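To keep things simple, chains are lettered A, B, C, D and E as they appear, and every chain counts its residues starting from 1.
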């Protein structure tokens, strides 16, 4: 009993301690407001940003920004997942495909994502396209590698069992390989979603008027540390919520619960 | 040769390495045949050839008088590790082969229920394989194979992973099911007691040599594991096994 | 030996810090100047306040913004003036400022160009936050964005407006400066309050270097353009063409103070700052004054 | 034999094809030079950058840039690895520590890395400190999670065997838990190194005079697409070389080869 | 009670679930004792108590007349899965316990070499466990245990994962080693044949009941697996096992 309670309290100790230290540091004037605004100030900014009226600088912008960001993430994520899944499963089952792709994909993978930004700006222009392609690029790799590894790991006996029960070769893909790969693919999909949010901010670094990444960059250029911190908190929360939703959706797919 | 399932001159090599040099075997309809041999001698390879999972280098196979190639629901295999689909529940696993074979819904539900009753798992229809014990999973695998009413049942050390008591129960179950369905069975095992307990005839395979010895067991079933008639035969088999190793 | 950390942009109109080492070597033996390149004034100010820089170029608009928030910064010299231009697509539909309504315009927050853009739009009766879409784009990406049609106009500093004209996709719609009240003032050099307090001597020598570099470049236009083109790898012809719209400065006279105050008043009117700062506190003229009288004495 | 040759040739087909297409597109004038310079041009730029004399804009800068970047990566990586390893192994073996840290670490992890950049600029200034802390932050998570997972997965029997053979509790850590965790920790270390390079570019985005990330920013500012591409290629190569070196070093550590 | 290793009233529960209700057992010096029982009846738990890996709820243990608590080199265990350190080679694995025990370099090299010769693995000194077959790994685990010259050797189904032939070899090896070193052995197994083949006395454990039956085997060693003397005893054991399941 006590153990159960302890296990519920413990995880909150450190965050609460940090929050208290933060609050104390600002309340006692140990750090100046423009370096680190007080938690109360940040909370107020978040409130204004979410529920304030449209008169003030950031008032009520949240819903529009969140919608814009989520739409970009959704598009980029889809563009990452579909080819990542198809190519991954395919190269997991065919050593020709896997050899054909390996060096190219590993080469592209070892380029730090952010250095694509300037190229994307030149080739695709600023805004939606660039953001979406950066997200797609970043999300592709976890999906591809997890799908390839999973597809390559299907036990030969399961394949044999499928053939014995009458599956044709194409049907083996949907009947045996895909369901087998699901748990690992799901893990890859979650990692890819995290990546998508990371690259969202990158894609919104420049040339988009709305979105949470744009908020953070606006705050950076206007020196509003409270807005900056609000943006960070909100994007982390949004990312966590999306992850939770993804987990829920994935857990309903056939093949995940075993 | 005469028999229900006949192999003639089955050859298989991996690269330079000859696993089966040309194996002949004939199984009588409704019999249980055991295949024993040291680890790596080619028992599983033989079974996979028979099931059509890997292509022959040379030789021919006849099932019920007709040549057979590639996998098909006439010959089904139960693997050493169960090879159930972990994402399907017991009922779905057993049903899958019938579904792929386009058996009508009503009929296949009926047959699945029947078969699950036979292996004593009516109550576990909706369970996933992960919720079952090893012995229960093996029974599901057996049910999945038998529900297809195969002509030939291929068993690859199906009880090796089980503890002694569950193993004895499964052996009894196999003998019963064989009696009820009259299926022809080819059983690979490394346990000479198991071979004596279940089989009508026993083939011993040597590494790279194919079948090197054959015994016929005439004891009526149900047999008892400590039947003294077996002692002599077992000793012979053990000696042969050591010899060809 | 001393190391000065100075921030600036890699553009011809903000080139002076790159030459401090050359022109201050005689007065500061063994001097090393670390020049940190930036792309926006906000990062420069952050770096200055965090102590990474001793002095940094900044826009006057950002200096006023920072001071109005009470951040401990001091303007110790000017850096340049003019250099803004409003550019639209060459064959595009925008022919007057009024046509900008409903369009997408690229800008960099915290620059003079932003203030000028807001002022221009307001004069045309266009609400900058509602009637147009302001897009935050780094100034060196603006040309590409315009060429690709991602934006309809941009307001930035040289050489990008000239470049877009020379490359054939842009057209200068206006050089949107204020009238006499504010004039063409643009950028200045910023220091931390505590740095000046602790190292008044070094601060003076830094401003002196700034003055020396500025005067050398102003006196010899060829030297200026050659240096800029060599340092930044920019086409010489392009620099030459844009040089008309650039002025290098260092001094802060009384007229400058009035213009700065006028700028601050406009910024408040535009809603960019909540209250005007104390300009006498923001601007520290002791160094330029000392250097000016110095020069007078020598004359 | 033919299969062996094929497997050596196949991985190069796609890259060579892309290179050829790139070359053809530029040689035939299908894309303008300022959008995509020819591969020859890029190769020449790389050569100038590496071996050119110091007169030209980028001539010979490579070695200084690479040294600066590598030093930053080395420092940040060390700062990521040491606490990541210690905290990870500890929280893998103690549920109290793991519970204490879990919510904080997951919270920080769900903040996209790049949104720390503006905060780091404000708190730490530009250059070394910011770059190093971004790298350290990014590299911490893979090391921490892999170490924690590995330490938690030590089979109870191995622990029992260690105790039976006479290990004291502290000695169990170095004698059993650490060696057991090595392979997984190595995987984490490699991921962390990749992250480090990605965040290197981020840290050198602004206010840094040298380094490969700074080169990319310079190129961007001056619209030199050839330099941009050179920078991307070189940073990918440098990352791959460092990864190969890391793999070599790690493979010599006790506990890795099994 | 008399004996070399004596347990009195060993009790162990997990939460509400009583696994061992109070077990008494006495092992004669230099004897092999087998412990059989259904899966989950508490055999491993008993062995882990004896090895000192988990704390007792109640009861006491005496080894050679002295009470013992916590793990120590006097009582060593060979686990069902080998539990070798995969990052150490054969020689290092066997040497580790002596190294921790601060045995001098010369002496311990000597003893390791001797022991590896005894289990027939001199040639594999430098191999990692991953390069060995299951049977070879089990032999290393045995060597690692025996090199410490323990007073009590605890074996937890050490041969369950092996195929029949390797298993038979390992059983023979164990009997030989026991003869040579005179160690006292407690062997957990679920195979009644194995118990008959190796043990001087056999205890049967019932789930939640502790020891419910004991047999003494007086047949001299080496024994033969198909020895007809065992048939009766095995049948009894099987019946008891079914009864308490």
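The rule is short, and it goes like this: contacts are C-beta pairs under 8 Å (C-beta built on N, C-alpha and C of every residue); 3 or more make two chains touch, one makes a residue touch a chain.
What you see is a predicted model; the values in this text were computed from it and never measured.
Chemist: I need the chain pair with the most C-beta contacts, please.
Modeler: After tallying contacts for each pair, the winner is A-D.
Chemist: Quick one: chain A and chain D, Cα centre-to-centre, how many Å?
Modeler: A distance of 19 Å separates the two centres.
Chemist: With centres defined as the mean C-alpha position, give me the chain A-chain B separation in Å.
Modeler: The separation of the two C-alpha centroids amounts to 49 Å.
Chemist: Measure off the straight-line distance from the CA centroid of chain C to the CA centroid of chain E, and report it in whole Å.
Modeler: Chain C and chain E have C-alpha centres separated by 83 Å.
Chemist: From the C-alpha centre of chain C to that of chain D, how far is it in Å?
Modeler: Computed from C-alpha means, the inter-chain centre distance equals 36 Å.
Chemist: Return the residues of chain B touching two or more other chains; collapse runs of consecutive numbers into ranges.
Modeler: In chain B, nothing touches at least two other chains.
Chemist: Which positions in chain C are in touch with at least two other chains?
Modeler: 40, 43, 46, 49, 138, 141, 144 - these are the residues of chain C that touch more than one other chain.
Chemist: Hey, what residues on chain D touch two or more of the other chains?
Modeler: Residues 118, 121-123, 220 of chain D each touch two or more of the other chains.
Chemist: If we use the touch criterion from the header, which chain pairs count as touching?
Modeler: A-B, A-C, A-D, B-E, C-D, D-E
Chemist: Along chain C, where are the residues that touch chain D in the complex?
Modeler: Checking each residue of chain C against chain D gives 7, 10, 34-40, 43-44, 46-47, 49-53, 138, 140-141, 143-144, 230-234.
Chemist: What part of chain B is in contact with chain A in the complex they form?
Modeler: These residues of chain B touch chain A: 48, 51, 53, 71-73, 75-77, 79, 81, 83-87, 96-97, 100-101, 128-130, 144, 148.
Chemist: For chain A, which residues are in contact with chain B within the complex?
Modeler: 155, 157-158, 160-161, 163-167, 171, 176, 179-180, 182, 254-258
Chemist: Taking the touch rule as given, give the residues of chain D at its contact with chain C in the complex, in rising order.
Modeler: 57-58, 118, 121-127, 129, 206-209, 214, 217-218, 220-224
Chemist: With touch defined as at the start, can you tell me which chain C residues reach chain A in the complex?
Modeler: These residues of chain C touch chain A: 40, 42-43, 45-46, 49, 65-66, 69-71, 104, 106, 108-110, 133-138, 141, 144-145, 148-151.
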